[in-house]
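Structures incoming, each one as structure tokens.
Each of the two complexes below includes subunit A, the first together with subunit B, the second together with subunit C.
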Partner chain A sequence: MKPMSSLTYRHFKDRLFFWTVCIFSALTAIPLILIIWEVVKKGYKQINLNFFTETAPSTLDAMLARNSGELIPGGIANGITGTLLMVVIASLLAIPTGILGGIYLSEKPKTWFSILIRFLTDLVQGSPSIVIGIIAYSWIVKPLGSYSALAGSIALSIMMLPLIIRSTEETLKMLPGSLKEAGLALGASYTRVILKVLLPSAFGGLFTGILLAISRVMGETAPLMLTALGSSAINWDILKPTSAVPLLIWEFYNDPNLIDMIWSSSLFLLLSILLLNIIAKQVARKWKIQ
Partner chain B sequence: MFYSLISGAIPAFEHFGVFRFIFSAEWDPHPEAEQYGALSFITGTVLTSFLALVFCLPFSLPVALFTGEYFKGKKVASVISAVIDLLAGIPSIVYGLWGFYTLRPLIMDLGLSSQGFGILTASLVLAIMIIPYAASLSAEFISMVPRELKEGAYSLGATRLEVIRNVIFPASGSGIFASYILALGRALGETMAVTMLIGNTNNIPYSLGDTGNTMASVIANQFGEADGLKLSSLIAIGLLLFLITAIINFIGKLIMKKLS
Partner chain C sequence: MENTITLKKQTVENKKYMSTAIPEDPILQLKKVSISYTAGKNAVNNVNADIRKKCITAIMGPSGCGKSTLLRAINRMHELYPDIRISGEILMNNRNILKMNPMEVRRMAGMVFQRPNPFPTMSIYENVLAGYKLNGISLPKKEKDELVETCLTNVGLWNEVKDSLLKKGTFLSGGQQQRLCIARALALKPEVLLMDEPTSALDPIATNRIEELLLQLKNEFTILIVTHNMSQAARISDYSMFMYLGELIEYDKTQNMFTNPKDKRTEEYLNGQFG
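Moving on, here comes the complex of A and B:
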């Protein structure tokens, strides 16, 4: 055996592997670029003021506009308001519960109750969004007899809950124990320490977790199809069917006359989600626990 | 939660029997002789998810090595992980649109399937969707391999590739395996993108170009117009899907817990 050639061979193999890793890693970025490029290219021309203030156009209007070569009239105001309504209600439901749950898990990590909670959190987090849609359907839609924004919000809040519980728990765990001890040593009660010491110092982490949870559920379509159904008018009544941006995209997708609207709605949705993500990252960086 | 799924599914199970429901491939909504069975959807789900896992492997593993080993803590690695995060943030429905308008014509041009719909298209898009989960989790396990182990191997004259193959993979193997199992759990439950790409036909798919339906996509497609026995059958499929993903996730978590 020739040791030198074998060494060269080994080095060659090493280099080759390194570059393969680099190339394939770079390749993963391609779908992202392609998707964003396509959405921007096809979506930007429909975005104007009407896009945000008017409700979704009817098929007939869209067909007429297309035939005369104009932009499709109308916008996605019903979707934007619906998404807003449902995300706000879902947040109101999920944030307090989630933070309280997270505090419990980090304060009492070993009791049987917290083990059960952790198990359930994992279970819900792993379950497919459409199954959560079915559950919200049988909880809310069936007893009330109609599709509603409330049902959609419940579905979204079920999806947000495990994310918030987990991020709260992780953030609180990272806080130094001395912080709590110092508070207790000053004679503050346990509740006071949690409210005035732990939560404020964990604020950055909690906020990031909440923003990420919101950005996660904003793009959800499947559970909303089974719960909020969609509506062609702006609706603020939580007991009535409501539209949402992803639901509108699904409607546009199923209607050949409205194809141009798909891309602008997707662009809007994508931009809002990216914006939330970026804000979350910035907050996380600024409020990082030392 | 569990209770409401089960109570919704009971009529279907009672009517057809649990066993027959799972292993029957018939899905016939004729009002007189309704026949519902989940087998074709189960095969569709399993087939697309496993294919997606296979397609995602050659991309997510290099990304994991890139961020977790080669460029650990460097700026390039954070760029790649930002890209991966963004990929994870894109909503399922946008992936579906992209697959429909970009990937589908490509598949048609290649002559893999006449309509461009089908198992292959759906699993390709699914693969892109689960890359972030698989890559970020396995990168974590790869970066957790103790330094001493790696340095020991280097001091024996091993090249980087040999360290990766003989030290890092054995040490983090079960962690990587667990992260792929969790990614599989994601793929099983994905709804919108698959619904838009798989073709939505109620049959057992036999080849890559075949159209089919997954458990999630049949629910998304037919829930709106369903009532009575059909509704109950769809809820039963939801229950099955829930059980399958729960078991998969549980296995993944169990392996991870053993490690830490």
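Moving on, here comes the complex of A and C:
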């Protein structure tokens, strides 16, 4: 029989394993912290009131400001409004559709149709965003003959859809079956039980899912390049090309005079997404399913 | 030959146990009711019984004997699960509820579940009126206030919650929640109140309150209660059914059944030899 290794040795092995785990988890955090640090350090200077109210500066203005050592004038108002416009339209399209789809999946989990839908949502969720951009391009941009906020919104809504469908399904599945039975036992119709009992009870989960989907598409760049294209002015017309914050970051990157704006725009985007995530977490905690 | 004769005798006697129990003035009549979850295997087998108006009838039996299954058939809860098959007839006031619109049936037969399940998003006030809200019936404010007060008073909850009617129902204790659920069922003024082990998730004090409540309610409502607890059945019910392996073994006045059970299995169950 193999002799048992000494207790001190086994204890040492335990400690070694524990510290290895600690070190590696710290290693994963380091790049994240560095990214945030870099973005904050380089970006905070440009953020002032103008940053939110003025459109992106021209190369010439930026170059003059840089040469005289001043801050670059202008801001990203065209990007902020464009992102807002497209995210709102995308939400209007994706939220009702996604919630209804999620209700179907949770109510009829085992039909061939729901298995197909579940497979397709996984497929869309896993497909590269540029592919979705190309699809929106061929569906909307080509027939309408112009890049537009509408095309961008549709690309974003396609990306939001699987997230909302699945979060709705998961939340509804977590509700106790007794809730539905209680509603039906009062003689209520199926529709009313879903709309007045199940959906309100699942509100926290649904809302969290929606916020996370929004924060996911807010930073999408590739699908917007092929659909919304970008615009140097503030645009509220859904049939015209529109800018967005991530598109502006890409434009700033291509212009050596505007390099500084990359960081402030990234900081803005990062903070907005962080804010959405914090709200989502709070809502999820406050409206937890009992 | 002799064997068949004794068997026949027994069936005749079996019938006799039933016949002594059939109450006059039935509100519910179960006729050859069989229910199966999987084809060919009945969870409830050929149950015949009449249930008397304004009485408490208890359904007893060991776990898995089909008592909850039978109860849930009466307000068509089984329709949520497509595999379940029901045969036979269930008459309520001489109408076959299996042929009626399930929404109508469920309003006539209120249900209280094992675990209190008030709607978590609704206040106490809204929970009582949930039946109306979910049926799309709007009442004038005054009528709503009265209804809430009457129903909560009926279940002995009014004094405890009258200052916090707008709080969520889920803030109440388990026993209070269950009384709220009873109030919610009563608000629709059902003909029959079906209760599926309504006190099994509650402590003895809360249980006691609910039992007292049921004794009051039977002046107005017919109550059919599934219970695991024999002493509960003995304390509150007027009639008792004993079910075993999906069959209705004995159905009699509670007093008769507890003092003088006619079937051996009933006797063994009541003596705690199985269950």
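As a convention for this text, the second predicted complex is superposed on the first by the 279 of 290 C-alpha atoms of A that agree within 3 Å, B and C clash if a C-alpha of one lies under 4 Å from a C-alpha of the other, contacts with A are read in each partner's own complex, and residues count from 1 in each chain.
The rule we apply is simple: a residue touches a chain if its C-beta (ideal position, glycine included) is under 8 Å from a C-beta of that chain, and two chains touch if they have at least 3 such contacts.
Keep in mind the model is a prediction, meaning the values are calculated, not measured.
Taken together through their common subunit A, the two structures put subunit B and subunit C side by side without a clash. Within the superposed three-chain model, A:Asp237 lies out of touch with both subunit B and subunit C [touch as defined at top]. Contacts of A:Ser189 after superposition: subunit C is touched, whereas subunit B is not reached. Rounded in steps of 10, the angle subunit B-subunit A-subunit C defined by Cα centres in the superposition reads 110°.
Between subunit B and subunit C, B touches the greater number of residues of subunit A. Here subunit B and subunit C sit at a least CA-CA distance of 23 Å once the structures share a frame through chain A. In the superposition on chain A, the residues of subunit A contacted by subunit B and by subunit C do not overlap at all. Residues 1, 4-5, 7-8, 58-60, 62-63, 65-67, 70, 80, 83-87, 89-98, 100-102, 128, 131, 135, 159-162, 164, 182, 185, 188-192, 196, 216, 219-220, 223-224, 234-235, 238, 241-242, 245-246, 248-249, 253 of subunit B are the ones that touch subunit A when the two sit in their complex. By the touch criterion given at the top, residues 75, 77, 80, 103-107, 110-111, 113, 115, 117, 119-121, 130-131, 133-136, 170, 181, 184-185, 188 of subunit C touch subunit A in their complex.
Remark: subunit A residues 10-11, 13-14, 17-18, 20-25, 27-29, 31-32, 34-35, 38-39, 122-124, 126-131, 134-135, 137-139, 215-216, 218-222, 225-226, 229, 246, 249-250, 253, 262-263, 266, 269-270, 273-274, 277 touch subunit B in the complex.
Against subunit C, in their complex, subunit A makes its touches with residues 176, 178-189, 192-193, 196-197, 200-201, 203, 289-290.
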